[in-house]
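Common to both upcoming complexes is chain A, partnered first by chain B, then by chain C.
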Partner chain A sequence: MASVELDGIGKKFGDVVGVATQSMTIHDGEFMVFLGPSGCGKTTTMRMIAGLLEPSEGRVLVDGEDVTYDAPKDRDIAMVFQNYGLYPHMSVGENIGYPLKVRGLSKADRKAQIQDVAERVELTQLLDRRPSALSGGQRQRVALARAIVRRPKVFLMDEPLSNLDAQLRVSMRAEIKHLQQEMGITTVYVTHDQIEALTLADRIVIMQKGVIQQLGTPEEIYNTPANLFVANFIGSPSMNLINGSLENGIFTAPGGVHVPLKDSSQKNRANVVLGIRPEDMSVCDAVGAMISGVLYNSEMTGDAVFATIDVGEARVCARGDRHLRFQKAQKVGFDLDLDYVHLFDGKSGARL
Partner chain B sequence: MRDSALKWGLLAPAILISIAMLFYPIGRSFWYSLHDWNLTISPQLGPFIGLDNYVRLLTDDPQFWHSVWVSCVFSFFSVFTTIVVSMLMALLLQGSRQLEINVRSILVLAFAMSPALVGISWRFLLAPEFGAADAVIGWIFPRWADVPILADTSTAMVALVLVDVWHWAPYFMLTFIGALASLPQETIEAGQIDGAGRFRIFFGIVLPQLKGVLAIAILLKTIFSIKMLEQVITMTSGGPGSETSTVPHKVYETAFKFYDFGYAAAMAYFLAAAMLVLAMIYSRMLFGGQK
Partner chain C sequence: MTSLSSGVAPMPTKAQIRRQRNRKTMSVLRIVGILLITALWLLPVLWICATAFKSPGDVISLDIFFTPTLDNFAKAVGPNYQLGGRIWNSIIVTVGTLLVAIPSSTAAAYAFSRFRYPGGIVWPIGLLATQFVPAVMIIIPLFILFRSIGLLDTPIALIAVNLSVVVPYAIWMIKGFMDALPMDMEEAAMMDGASRFRALIDVVIPVAMPGIITATIFCFVVTWNEFFYALILTSNDSVTLPVSLMSARTDKGDEWEIMAVIGLTIMVPMMLISRVVQRHFLKGLTAGAVK
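Up next is the complex of A and B:
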């Protein structure tokens, strides 16, 4: 158990910036998720924590101790690789026991501990097999077992579930969360799947192009996105964003959008983006609605109906009752739940 | 019917060439090995003597058995040293920096040279009177300053082995670099994370994964070492005495120095039998066994 601190850390590959200078603290026992689109620097950051990559600047501290230039083996950190990284020439049992063997544990001790973890991840029947004779999910569990067998200070996982099918992903997700909570090991988890991030994380770091966009709990990220990138990236379907202007506490946009804000102290601005999630709107009569337009499309997802309308240049989607039915080219109105309206600066994208 | 005619028709040229170039000479030399035929006596094939040549070889020729021993010694040391040296070179030069790539290309030149040329070059380099390498060795190891390296019992075999290593190591280095590059990088990183040091990672994780490549390399090099002839002829002529006379050299001498063709053919067949076994193991490893 340990805390991890990244202090002004950055990585350049020649002229390419992999990760821009940034700092963060991962608390003891915390489940931290790095989330972001492909190429944003998640893996790079994680590899610097592991010691597989030397940062171009800054320091890595584990429990307050500077380990920036320590070899991976001296950091007491375990890692689960995207392609598992199992040793093909060893049996499942030997794979799991390898970290213990390296540490000089006797065969009997190793056996007991291997048995113990194997039970946790339900691998007891497979200990004598080679990794090549396992399914993807089973390999994943071996990698997990090898990582937890020595109870490391920190646990790193780089997209561990990305090679699994959807169903298995859900069950392994629960398994990982359960294991982490039970063992209380500080964990850093990389993914580009927002559902994975939101369900697993104590806190989430959202990155883009090597820069941290927001660091916060899943609730914070979802309910108060720090900028347009985060607002757009999190949520499915994603948040509606409407360009308009703000005057006397009222947001207006082309197409007759007219939203009286709850917080009337906002000063007037010519270039503002209003954000509202589909589930924070209700479908109503077109006459007198805050937003109204011609129906573009409606989708039944089983538990709800998503209606999309054209408003000026924008296309706005709202989640409605599953019994709602629409006609072609019907005029539809949306009312906004004013508690969940987000405003962003049109130029910088920052939250207002 | 037509299909099969077409099949044989297409195969015919290859089969005919094989018969003319491969099976006919092989069969013919086997026929010679059953005769007492010495060119100094007659250009005509001598009398048929059945397996007498083979009996003489196996029971009554200590010189031949000496050459078998020489071949074994040479092969063992040249295989072992070549594999170890080429593996070290591969580990050192596996990266993709410009320097590594350049060094690799230069080293491969040694392999690109014909074996006879290698032998002659080294014979000059090691010549006591004017050889550059001989001078350098004498300078570094004063003990050997006055030793004629290729003519001394204690050094001729060493020189032969080392020149062979010099010749072959780059080739196996390339093989091993390829094998190292195809190794899943994650297993090595997993090893680092799991706490293994450099040596442990090499011997515990890298080497076991190279087992197949290594086995094939060892077998191939054994075959190459056993049939090596050019350097013996050009560097030592089997000397001093017969200290470096390997089996192929013995065959060569018997046939083209003493013109004892029948007996030389029998020797060659003995060698061929050994090679056949190795070649079969080799192809079994390459094409079979992938369960």
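Up next is the complex of A and C:
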């Protein structure tokens, strides 16, 4: 049980900025997910929390105590590695029991605890095997068991599910969430899979190029993205972004886009990006629609139909009823749910 | 398998028969070839083995048949040749060298492999560069050095010299192996509560064992066979097996049968050890095979 605080932490590799100066607090018992594209500094940040990487600047605090220069072993933080990092020369049982062995527990005590954890992650049948004789999912569970066997203060997981197939990923995801809630251990979880992030997280940190773009609950991230990057990154298919201008509370863009905003107090601006998610639009008659254009493509996904139209230079996609059918090059109109219209500054990308 | 249901195997065609015969001839040829090469390699060894059991008169005859005798062995361990003492010296020098070389090379290899430090690759390369100096060039200075500190004709001098030869290679061999090990494992150990040293002992060394064993065999062979330094730096008390071969060259001529006995004593442990170690080595290889 512990809170983790990053205070102005940053890491440079020579001239390369791995993580720019960042601060954040992870609350006691919280499930925090680091989400971002490849190379954005997720792993680097996590390794600084772990103590495997010394930050170039700033401090790491666990429960208010400065641990920036403490060795990993003195932090009582457990980590699950992407490639599991299992010990190939030890049996599964020995792997799980290693943290206890290092702490000097007797063989009998270790055995009891190993048994206990193995039951939790359903490994009891495999305790005598070598890791090389396990499947990916089983190895993953061994790594998990090894991390929880000693009830650490903080749990770190670096893309723990990325080597598993889709189905296993879903079930392991539920297992991890369940374990975390049951044990109430502060957890930091790195992923670049947004579904994983949205389903697991209490709060999400979105990073790009070593900079935190937004920190918030999954709802906040999804419903009020702080900037264009987040808006574009979260959601599948991703949010429609239309370049245009704002005048007297009305957003207009080439191709006849005409959106009267709910909030008419917005200042007039020339360079504005309007964002709207496909599911926040309804397909309607082309005449008199807020957005209309020629059908570019329509896709049936089973539970819905996604219609994409060409509007000026933009391509806009809307989610429609699954019974909708379109003709080639048909003129289609979309109406926007004005409660979910997002506006961003075209230059800085910040939310307006 | 259609032939199974009909119960009759199809007759092989002529071409098939020819191909089969060709394959048979090939495999016979191959076995003969292997035997020939093996014989070529083993003949001198067998000859030495035989010579060790021959009486002096039989040694120079080319007869394959002779009455075996153990006289040569009795003579070799006797006061003239002191084979027992020579074996002991060789064991002390070899074991002493390995005991220092392997742990220190492992530690150095780990440091070279994992830490960043000013100079970088210059250090391990510099270490290897010491081996570019021919032994004949430094033997005189070494002789004078050991004489002045009173270590001439002692196992310590030989151990020191052997270390200087063996350690650079051992470091490079083990380093290569460690470079290929993923960092995950030792980082996992450190996260699990181990110090770096403990992670080295518990995880890195066991997993790097095949590499360490390879280096050990190499060091063993080099040290056990080392002749030149031992020849110059020892005279009486600390003479090792390879040098003692020389003592069979007397003014009355070369005593081939004694040389054969000593040669056998040099070869047998090497063969035994590589056999035992080979088995370990293979086990280590498979144990390390997990990603």
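Just so we're on the same page, the second predicted complex is superposed on the first by the 352 of 352 C-alpha atoms of A that agree within 3 Å, B and C clash if a C-alpha of one lies under 4 Å from a C-alpha of the other, contacts with A are read in each partner's own complex, and residues count from 1 in each chain.
The rule we apply is simple: contacts are C-beta pairs under 8 Å (C-beta built on N, C-alpha and C of every residue); 3 or more make two chains touch, one makes a residue touch a chain.
Only a predicted model underlies this, so the values are computations on that prediction, with no experimental measurement involved.
> Based on the superposed arrangement around chain A, label chain B with chain C as either clash or fit.
clash
> Taking the superposition as given, does A:Phe81 touch the first partner, chain B, the second, chain C, both, or neither?
A:Phe81 sits against chain B and chain C alike.
> Tell me the contact category for A:Gly249 with respect to chain B and chain C: first, second, both or neither.
neither
> Of the partners chain B and chain C, which touch A:Gly58 in the superposed model: first, second, both, neither?
In the superposition, A:Gly58 touches no partner, neither chain B nor chain C.
> Check whether A:Val102 is in contact with chain B, with chain C, with both or with neither, and answer first, second, both or neither.
A:Val102: touches chain B and chain C.
> Once chain A of both complexes is superposed, is A:Gly39 in touch with chain B (first), chain C (second), both, or neither?
After superposition on chain A, A:Gly39 lies in contact with neither partner.
> Looking at A:Gly346, would you say it contacts chain B, chain C, both, or neither? Reply first, second, both or neither.
Neither partner.
> Kindly list the residues of chain A that each of chain B and chain C touches, one partner per complex.
Common to the two interfaces on chain A: residues 50-52, 71-73, 77-79, 81, 83-89, 98-99, 102-103, 146.
> If you look only at chain A, which of its residues touch chain C in the complex?
Result: residues 50-52, 71-73, 77-79, 81, 83-89, 98-99, 102-103, 130-132, 146, 150, 156 of chain A touch chain C.
> If you look only at chain C, which of its residues touch chain A in the complex?
182, 184-185, 187-196, 198, 202-203, 206-207, 287-291
> List the residues on chain B that touch chain A in their complex, please.
184, 186-187, 189-197, 200, 205, 208-209, 211
> Would you tell me which residues of chain A are touching chain B in their complex?
Where chain A meets chain B, its residues are 50-52, 71-73, 77-79, 81-89, 98-99, 102-103, 146.
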